[in-house]
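Heads up, the thing below is written out as structure tokens.
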Amino acid sequence: IGETYAHQGASSLRMQEKMVQNLLTQRCLPPQGWDDQSIELLLQQLSLMDSNNFKGNVGAGEREARVYSSLVKSRNYGMAHGIGRSGDIMAMQPKAAGSSLIVQLTNYMAAHALKLAGMPKMKCHVVPLATGMTITVSLLAMSRRRPDAKYVIWPRIDQKTCLKAIMSTGLTAVPLPNALEGDMLRTDLAAMEAMIEELGAHNVLCVVSTTSCFTPRAPDKLVEIAEMCKQADIGHLVNNAYGVQTASTTQLITNAIRKGRVDVVVQSTDKNFMVPVGGAVLAAPSSDSSLLNEISSAYPGRASMAPVMDLFITFLSMGAQGFTELLQQRKQVFAQLKEGLTQVAEKHGERVLETKVNPISLAMTLSSFEDPAGRANITFLGAMLFARNCSGARAVSGVEKKTIGPFEFDGFGAHADAYPVPYLNAAAGIGMTLGDVTEFLSRLDATLTEFRKKLSVKSKAGEKTEALEGAPSEEV
Amino acid sequence: IGETYAHQGASSLRMQEKMVQNLLTQRCLPPQGWDDQSIELLLQQLSLMDSNNFKGNVGAGEREARVYSSLVKSRNYGMAHGIGRSGDIMAMQPKAAGSSLIVQLTNYMAAHALKLAGMPKMKCHVVPLATGMTITVSLLAMSRRRPDAKYVIWPRIDQKTCLKAIMSTGLTAVPLPNALEGDMLRTDLAAMEAMIEELGAHNVLCVVSTTSCFTPRAPDKLVEIAEMCKQADIGHLVNNAYGVQTASTTQLITNAIRKGRVDVVVQSTDKNFMVPVGGAVLAAPSSDSSLLNEISSAYPGRASMAPVMDLFITFLSMGAQGFTELLQQRKQVFAQLKEGLTQVAEKHGERVLETKVNPISLAMTLSSFEDPAGRANITFLGAMLFARNCSGARAVSGVEKKTIGPFEFDGFGAHADAYPVPYLNAAAGIGMTLGDVTEFLSRLDATLTEFRKKLSVKSKAGEKTEALEGAPSEEV
Amino acid sequence: IGETYAHQGASSLRMQEKMVQNLLTQRCLPPQGWDDQSIELLLQQLSLMDSNNFKGNVGAGEREARVYSSLVKSRNYGMAHGIGRSGDIMAMQPKAAGSSLIVQLTNYMAAHALKLAGMPKMKCHVVPLATGMTITVSLLAMSRRRPDAKYVIWPRIDQKTCLKAIMSTGLTAVPLPNALEGDMLRTDLAAMEAMIEELGAHNVLCVVSTTSCFTPRAPDKLVEIAEMCKQADIGHLVNNAYGVQTASTTQLITNAIRKGRVDVVVQSTDKNFMVPVGGAVLAAPSSDSSLLNEISSAYPGRASMAPVMDLFITFLSMGAQGFTELLQQRKQVFAQLKEGLTQVAEKHGERVLETKVNPISLAMTLSSFEDPAGRANITFLGAMLFARNCSGARAVSGVEKKTIGPFEFDGFGAHADAYPVPYLNAAAGIGMTLGDVTEFLSRLDATLTEFRKKLSVKSKAGEKTEALEGAPSEEV
Amino acid sequence: IGETYAHQGASSLRMQEKMVQNLLTQRCLPPQGWDDQSIELLLQQLSLMDSNNFKGNVGAGEREARVYSSLVKSRNYGMAHGIGRSGDIMAMQPKAAGSSLIVQLTNYMAAHALKLAGMPKMKCHVVPLATGMTITVSLLAMSRRRPDAKYVIWPRIDQKTCLKAIMSTGLTAVPLPNALEGDMLRTDLAAMEAMIEELGAHNVLCVVSTTSCFTPRAPDKLVEIAEMCKQADIGHLVNNAYGVQTASTTQLITNAIRKGRVDVVVQSTDKNFMVPVGGAVLAAPSSDSSLLNEISSAYPGRASMAPVMDLFITFLSMGAQGFTELLQQRKQVFAQLKEGLTQVAEKHGERVLETKVNPISLAMTLSSFEDPAGRANITFLGAMLFARNCSGARAVSGVEKKTIGPFEFDGFGAHADAYPVPYLNAAAGIGMTLGDVTEFLSRLDATLTEFRKKLSVKSKAGEKTEALEGAPSEEV
């Protein structure tokens, strides 16, 4: 072939090498997302750096990363050593140089993504644990610093996972009721101060605060909590499950770090970066990431690489531009959802709750749909929506009782013992499109009309209960 | 096309349906392994049962299993909801019926695999955690039953992971030194009894015993330990990391369950079933699986599905026949490795240690390779082998010192403060072939010759240390 | 899991079955494109209907579709029998019911796609041959009807492939020069009539007319040619390589069929449907598809299934809506390209040729870029654009001489012995985006500026020649 | 990570580069097969050399290799330009340097594979056409050399494809009946000589001889035919469909080339190299490959790359060692099939035909299974076997009549008007295993027993006909 053309082909190969070089030296999201071929090419190059893929390697140990199924091998790009060593979940594995590079690069890209989202100067470890278990291992590591401090102050948030994450450590969770401010449920700072005093600061391991939540609960007053923790010399873990995607939340965290104490911030990979469930970004201020390192080095043994690999691929595929576009799109979609939900609410004689501080979750009241016998029927609406292929919307009665371990909650799901009205939640998460909003509102409208009709007919108790159990209301 | 031929095509499709039907009703490994196409077909059918793959689904929640990258979507077969709910890691997810089925079926197939290997009547949960973290969550759950019992008796096994798994819970590990019996290091039962008495049985949460280990350490005397635990009413967790593949080990566990107390048995998925690192089979006697259920229901939130999916695919691909053939092949390979290693040892003036109780790991002495200045040079042999593409063989000096948390170990790596000789370990793990054995022995022979030459030349301290650190000796 | 949720999962599976059912019964493009998972699921189901994938099949023949490489197996979805039988390229294969179904369905969907594009009532065979070879086999089949007719009248179109397609049959091509009408080169109907008379209609096998071509050549005057063929009782093959994507072209063909004679119409799959090179849609009016059937049944033996499978997947993925949207988008992009090219031309003192009849290809003059020594330098511009990552644009000098077999052409590439001006071609093909147009025009502008600078410096003969040879100008 | 380990990882990457380098410089099958990961890595690197995968490429032509479906893109590794240019099917494509390299390398590796199989010194073009169409294009190119020679002498072989391949060119096939020698049907050399004389050598374009065929037809007497062609100055095309896998056949061809005239030899890729149907290796003696080049350069336009890519992957995956092992295994399997078939034949009162010259196909007589009314019932046995998942075995009555174009054949399928006995064919093709043989013989035995029982009951005509039509007996 002509020289010009051969030259072009070779320079295309070199451009791929250049992209890889940039990734290794700049250690951040590529400015533009990579195409799938370039990503797979890199994965296969890295895979060849793992010892189980060396030509002529012979294994005489008990763990040699032999893979039986070719499907399994292929979907893991031949990488089988997992991540971590006995010494540290983030440690390089001598047997798996390629896998180890992926871990390191993903950590760096996660820090870059947080920076783009509004949290600069964080050090990140991407762990193959979802948020709940990540909180557990974080608390265990915290606890080794102050073994005698047994209490964890927990501003009430009605999702089982966070509470169980505390309980599974053997520590004692102390729920702090929320204060009603207008329609919103917010951190009761005075009560928290009193609680610390009552328990004794030296007995309090930390506060676990929450940023992202279903409205009408608002993100916790993070700056004030951080200041209080600094003052009282107690730890502060922020559960920022899906808060990376909203600028007001990342700003809140950044402020809290600046003005007070934040030890670690936990965020879900699936909820913020559109990967399958299974990972978390464990972040600490780069000014003091000592706890972060302690958490990682306390991790016993190795772990699955899968969630890290999913995020690595996704970061390369998105690029910085793709990620920031997704953040902008989400913001627009939230505005549209709010406007549309207001219209639907008005049409059915209801209103949207005033919860300006919550940047992702909305709620419309369902007062006129209450059964004469009580609100319990309300949750059935969630099941009706799911049956119409609307997932994620939660109908909250506010009269549910729930027992979790030693705790008994009234009004579970509503974050308060007695929230004034029943309501329906809807959220505008990253990746939602305008088309989704339109379709959701249209189905909601139709379902509400149908639900109103059903109200005249007595609904059977069995259906109600079943629908309730299945509802994804309590999961984070 | 002719009727005969159309009929044949349709009946082929029905045979696939029949295979799926059998899997769902019989809930065990298929007699014969499935081909890859049939496995992928089933995965895609199950994937369609997850709500994020419903045609026309609209998500209005904060977690909608949207997947950004088509590569990530494809390698996860479109399944993105992970496993577990806030209530239980093993719970069905209403939003993900297909994923949930995979979890259940994998649990059943794991129990069948254990049965085939010699552990009948076990109930299994396949968890997306490697063995170390699985031990941690197991101990945490145990601890909730008896919050005041703080001690964990741990017959010494020189791998950091297990010790760290205990330490990370906040419990206090109490190492029990091994007794030298001939060449072997075995459980010191008398000392264990004395230890329980000294600590007070009510203060001892449990014993963590180990079955699979590097020789000359032998599998713990499980039956006697189990009897002692039953007697003293303390818990018993068996770390059976790679013991599923050896019949004498599974027999040992089965006997221990029959005669004494075993609460849970932990086994690695990657070491026994040839999948990438990341999962464990947590098993309990089906006669009393209460702790198993408590462990799972204490798990906070969701988790990655990847390790479960890898095992699901592998089980279908292996089938019962494939798995039993692998077990048989391993047994033969072990015999060949033993014979060959004996020959190499003799050639170099060494001998193979007499450790009949250990069915998987062998050791040849390295006495004649010691440096005049001490044994520390021995570990360099491991690095030399790795550089010659032999992974997994460990050269143990027996004079290493190691500090792990509050513990200081002499002779770390050798499971004893002062094992009489330095040695080299080699193991015959599942999937090793006769060709691997031949090649390994040939390279070992050459490396020993070369190593002997180097001995006359002073080896530099730097090399030695580096080689040592990188050595995979301490990892499980 | 709750009944509601299990029900949803099952109904999702049934929806997939329903989609397959619709495809089998309605035999046309699905209204909406399918997702990749549903497509792969169907492919694997069909694959199981091929005998080589029957469980327990034993082959004792010389062709058993055994596939060595798992990569090859996977990329062909386990289908290995190819298409066709010795009797007919379109015949069902008894050994491969699944593959055969794909062939039939793709034929039906191709007919539907032509209908959507403006060619209703066509019968289609998708053949695994590109357009050139498809024309060859069509002419061979035509020739068996009238073995004594040796001439093929061919209105000149400067691409080697079509001429070679005629030559390789052993028939005698007779080029018909185009007539200059304004800027356009159009079919010289009077000359064609004279040519038929001169050769004797009984000696003329057919006319091979062309619809899609680089401007300033216009699509042939198809209606008049078809009428002439009908009158003279000679065959008529339409080379419609990339004409499916332009409504005026499909309308032209439809009119020609209605008013005159069209035996078969040949269109490229890659150029119209965005698949890799390798297939053609061979279409005939459903009112008389006898030649179509003769062509297929004259095909000796089997053939690759790959181009058919690519088109099958693509049709399912596009759906009717996706395809019509692409057609609309192309039309808009063409308008934008025309506008933008006009601006660039004006800026550089040139103009866009007036060629309204050509709906896909545009040309701007390059008169002011001619070298004093002659126009030959013009082609260098094409190589410069390719080196700047602009592919597909052709710089035509109009003074190229070319010998193809017995034919010597002046002004090759320009479709005329002496086209008045040199020019640059650009086309708006299906799948081109507005972004592509903007980027192309920007680079063209810059390249023209640079080219003008180079003109002052004598360009070396070597470069020129090389650039010319590599240029993709003559390929269809 | 330690230096030693980083070094190992990097050297693993360099080993892959070395393998690629060797491939490019040595241009033959790698000594050992490559693993799938290394193959995919190379494919993706080559893909990046195609212009459609250049970062930032903008297309302004009518063919820009845009690919709509991500599934299609992925299964073609992003390569979409096909192979060939208008000038030559084997020409490099300037727009697709990577694809072009694959074409060239596959040609070289095919020549190496032929050499390993016993045909040294051949030049090969791998064409994306199955054997039938490859014969057609070869004859068309031959015909351009001597346009007046219209006859093709064709020693009778009862498979439609080859005859149709001749017929579709417009040339006149002249069948030459076989001579019965013992059980075998062999080339009637005297008759061939007479035929040439009768037709006039200047009127005979060529002989199309056949090497691989169903016994009792033997491979043609190639050496004598080649000598006769040389003498008479007429062409000689060898149809070597599946003859690469048998050493006696490759030896025969090599001898014929040495002693007489062979213009081109056509072999199937799927039948010899275990890839899906769709390609052929067109080979010519490297001492005179002029016809080979003429065939390729007469090919009009581009073609699908798929069959070439399948073969490229397979060659890399097999390596020289894998291919030679397959050849050896086939030879052993043939011996076993012969022995086993002899036993089954004896048990049912039949015998295996004495056909020593045929190295791949066997036949056992079915004389005792004839219906009193005639032999037509015999073909039903083939359908019975297919219904029992035995494909490829052919039951030949020897009394079938068949019309193909102007030809009427008696005893079609038996290669002779009146072969003395009906029989069943079975072949030992490449990739068949000992397990296949055992299973086939067992099912054959059972089916014969059952067939004998059916004979007492009148079989219905409908079944018989249907079975016959579907039977794969005539396909090559």
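We just call them A, B, C and D in the order they show up, numbering each chain from 1.
The criterion applied here is as follows: contacts are C-beta pairs under 8 Å (C-beta built on N, C-alpha and C of every residue); 3 or more make two chains touch, one makes a residue touch a chain.
Keep in mind that this is a model prediction, so the values were computed, not measured.
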Check your understanding: If every chain is reduced to the average of its C-alpha atoms, which one ends up farthest from subunit D?
Key -> A
Check your understanding: So which one's got more C-beta contacts, B-C or A-B?
Key -> A-B
Review point. Pick from A-C, A-D or C-D: which pair repeats the contacts of B-D, with over half of them the same residue pairs?
Key: A-C
Revision key, fill the gap. For the pair subunit A and subunit B, the C-alpha centroid-to-centroid distance in angstrom is 30
Point to revise | Computed distance of Cα centres, subunit C from subunit A, in Å | key: 49
Exercise for review: Find the geometric centre of each of subunit B and subunit C from their Cα atoms only, then give the gap between the two centres in Å, rounded to an integer.
Suggested key: 58
Practice item. Enumerate the residues of subunit C that touch no fewer than two other chains. Key: 1-2, 4-5, 8, 36, 40, 51, 54, 70, 94-95, 386, 389, 470
Point to revise | subunit C residues touching subunit D - in the complex, by the definition given at the top | key: 36, 39-40, 51-52, 54, 56-72, 75-76, 79-83, 85-87, 94-95, 128-133, 135-137, 140-141, 143-144, 147, 159-162, 164-165, 167-170, 212, 214, 241-242, 268, 270-271, 273-279, 298-307, 310, 313-314, 317-318, 322, 337, 360-361, 386, 389-394, 426-427, 429-432, 436, 439-440, 443, 470-472, 474-476
Exercise for review: Would you pull the subunit D residues touching subunit A in the complex into a rising list?
Suggested key: 1-2, 4-6, 8-10, 12-13, 15-16, 35-38, 40-41, 44-45, 47-51, 53-55, 70, 73-74, 77-78, 92-95, 97-98, 100
Check your understanding: Within the complex, which stretch of subunit A touches subunit C?
Key -> 1-5, 7-8, 70, 383, 386-387, 389, 466-467, 469-470
